[in-house]
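Both complexes below contain subunit A, partnered by subunit B and then by subunit C.
Take a look at the complex of A and B:
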């Protein structure tokens, strides 16, 4: 059981590439913090600095209250699950699970006990004597998880552990990782590209951009109150729609709520735009349906707005009556508007 | 993958295209080999007037000769020593290079040079360096109170040819080991590091097992090299001496056949060598076919 504290950490790669800019982050004991962000924003770098696989240019990394900057990965007592699993191909599943314990001189009886326990939890007992190449992708993923949990480390580090699985399996493993982490209560840092994974797994979610933290908080907080244009556009699928304030003011009339003076761009989530008049303050916009994407229980309408030629996405339950090519009115709920300042990129209210 | 097939309209063209290669193979390999097999069953009188067919007498006599048995013994020592030394040194160098690959380029080029040196030249180079009267190495060794004379002492001579032959082969092994090491995924090493294995343990439990296909391939190649490809080096340094201490099987074929003019025995010896090559090659191909089985 341990906390992870990063304070003022910076990473400069050879060739003067600054991957992480003076970043602070603390992960509480037993908490699962998810890092998301666009490709190349430094997620893996951050994780690898915690693991000790990359040196830290400046700042301190502490695990369980002790500064570990100078410690080798082996002495940090963490476990990492890699995107490609990194199973040792010449060892059996059992060999893979035992390796870390044997290296630390764990007594045989304890090793057997731990391996049996991990195999039971992850349901990989039938494959213990097989080599990794004789396993399916999902089974390999479980073995990789098993290798992390047998050691009962202070912290788990996950670098996109599910991205090599198909959608269905990813869903299953996501739930399993959540369950496992809740039971073991091991402090975890989890890197992902997947929105759903980020939203459902995280106790707290970190959105990173170009080596900095854009926003940090509960997933619902980030979704409901994004602190910047970047977070607003990054979290949520389909993404948030943005309007010029002037354009909306012209269409809205009295229904536009009062906004602080520095607001000049307004965002609204696709699920806060409705087709039927909502009987509450709203802004009506007319547009032509360009495309309807049915996605299970809901549909995504791509609407080309009259006058501005802007394309917006509307998420509507069930199947809309409208056909592609028809003209209709969409209503933006006035309560659900997110005001931002274009210059600073920050939320204004 | 789809392989493209070319259809020749002319029935003779394919044969015409193959002819040069076939002629070379027949004239320079198959025909001499057949000649060797044939003359290994014959005895030629001292003046070369008459040859008599004597069945396996050349072979039985060969394996009764203490010199031949000594040569077998020397060859075994030589081949094992060369294989071991050249492989371990090149593995060490390859590991060193792959740890610092950026600056490794120039270093790699330097290490590959010996491979381009002709065997006899390599032999003469070492002959000069170790020459008891004018060489630098005996001089230096003398400073430490070690006397060196490979012209008199068999063990010195063996050390010399082993060093020269290993040196020549290091480049080749090095290239294969560098390639082999680079094919070990980085994440495996990192996973092992996190799993608590230090650099040595990582090497012996992860890296070395994973490059075992390369190691095995090189082992066969090196044994082959030491047994059959070191004629030039031995000729350039010790000429098989002193007192047969470095008279390996290959060198003995030459010495007995061309210097001793005992064609029958020399042929029988080369047939034995051929058999050994064939066995080694079969082992190698069998194994390569089975591919990498972790």
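Take a look at the complex of A and C:
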């Protein structure tokens, strides 16, 4: 059990490409922190720097209070789960689980005990003598997790572990990772580009963009109060709708709440737009239904706005009466507006 | 190719059978010749059925050889060839797998240059550099020795290149996982890379063994002492016996014996060989 402290981390690749700009982050003991961001934002680089697979250009990485900058990955007492599992193809599942322990000179009895325990927790006991290629994707993923937990490391590092699985399995494994991490209470750093995975797994969520932290906080905080345009657009599915303030002011009249002067762009989540008049301050917008996507319990309406030609998404429960091509009025809840400044990209209130 | 046309089936089989016949007939003839008496082949009519002298011919070649041709017993030449082929095959694999490992997995100055230097030697096979190589070997006093027979042929760009290509297909994550698991460079090589290369090694072994076995020019140059004759060059000596007609029956017995080891190697390693050429490890 340990904390992970990153301070002043910078990564410059040859050719003067800066991947990470002076970044600070601390992960508390037993916490699961998720790094999320678009590809190329530096999240994997950061994780690999914690693992010791990349060198740090500047700054310090500490695990459990000790600076580990100069230590080999194996001496950092961390375990890593890779996107493509990286199981040793010529070893059996048991061989894969044991390898790290053997290299550390763990006594045989203890190895057997740990492997049995991990196999029990992950329900992979029946496959212990099989080779990885005889396993399905989900089973391989479990073995990769097993390889991490047998070591009982100070921290788990997950590098997009679920990206290679199909949607259904991904959902299942997500729950399992969550359960496992809660049970073991091992400090974890988890990298993903899937915002749903990030939201559901994280104790705290770090949204990264272009080598910097955009926002850090509880997933619900980030959803309800995104600190920047980038976070607002990245977190949440379907994504947030954005309007020019001028356009809204023209449509809203008195129902527009007072906003600070530097606001010039307004965001609103699809689930804060309703079709029936909400009987509370709201902004009515008329538009043509261009597409209806039924997603089970709810539907996503793509609305082409009158006058501005902008396309917005409305999330509405059940199935709307309106057919594609009809004209209808959507109401933006006035208290659910997120004001931003276009220039700085930051939230203004 | 799901069509079922009898004529097409007949034609394809005919072509295949003809092809096999063209390849096999000389071998068959060699075998037939090796079972006849010494004069039978000089009468102008080639016999097509085995004769009665098979055991006699083979026993003579294996045990005493054809002393009039100045060649040692065939068993000695077979042993020399076997030693040469094995040493070359194993030596080439050992050296090239290590150099490929260095080139792929380690960052050192002039790494790319090192690779290209190795690669360029592909353009300089033994035949091209034979005179300088001979000079070096002679100056080192390695003429008429096993070292002289094998060492100059061991350095191999082809094998290095093949191993390099294979290592490049091994995912980096495997190496990273091994690093996290506490395996140093040597352990990673031994525990992970070597077992993964198994089929490649087998395929290369077959190719290189045959390469070593069929060496003709080089043994001819560096050996004058008949104790170091290899079988392939020995056959030539047997056939070119001075001042008499060649003993074709005995020469052919030696030829058949010379063919056996490569055939055996291929038969026994065929499964691994094909796997090594076809399979890509996931």
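Definition applied: the second predicted complex is superposed on the first by the 349 of 349 C-alpha atoms of A that agree within 3 Å, B and C clash if a C-alpha of one lies under 4 Å from a C-alpha of the other, contacts with A are read in each partner's own complex, and residues count from 1 in each chain.
Here is the rule we go by: a residue touches a chain if its C-beta (ideal position, glycine included) is under 8 Å from a C-beta of that chain, and two chains touch if they have at least 3 such contacts.
Note that the coordinates shown come from a computational prediction; the quantities given were computed from them, not determined experimentally.
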item: Subunit A as common anchor, with subunit B and subunit C clashing or fitting; value: clash
item: Partner chain(s) touched by A:136 [first = subunit B, second = subunit C, both, neither]; value: neither
item: First, second, both or neither for A:344, with subunit B first and subunit C second; value: neither
item: First (subunit B), second (subunit C), both or neither touched by A:329; value: neither
item: Those residues of subunit A which subunit B touches in one complex and subunit C touches in the other; value: 51-53, 72-74, 78-80, 82, 84, 86, 88-90, 99-100, 103-104, 133, 147
item: Subunit A residues touching subunit B - in the complex, by the definition given at the top; value: 51-53, 72-74, 76, 78-80, 82, 84, 86, 88-90, 99-100, 103-104, 131, 133, 147, 151
item: Complex interface listing, subunit A residues touching subunit C; value: 51-53, 72-74, 78-80, 82-84, 86-90, 99-100, 103-104, 133, 147
item: Subunit B to subunit A touching residues, read off their complex; value: 185, 187-188, 190-198, 201, 205-206, 209-210, 294
item: Contacting residues of subunit C [partner subunit A, same complex]; value: 171, 173-174, 176-183, 187, 191-192, 195-196, 198, 281-282
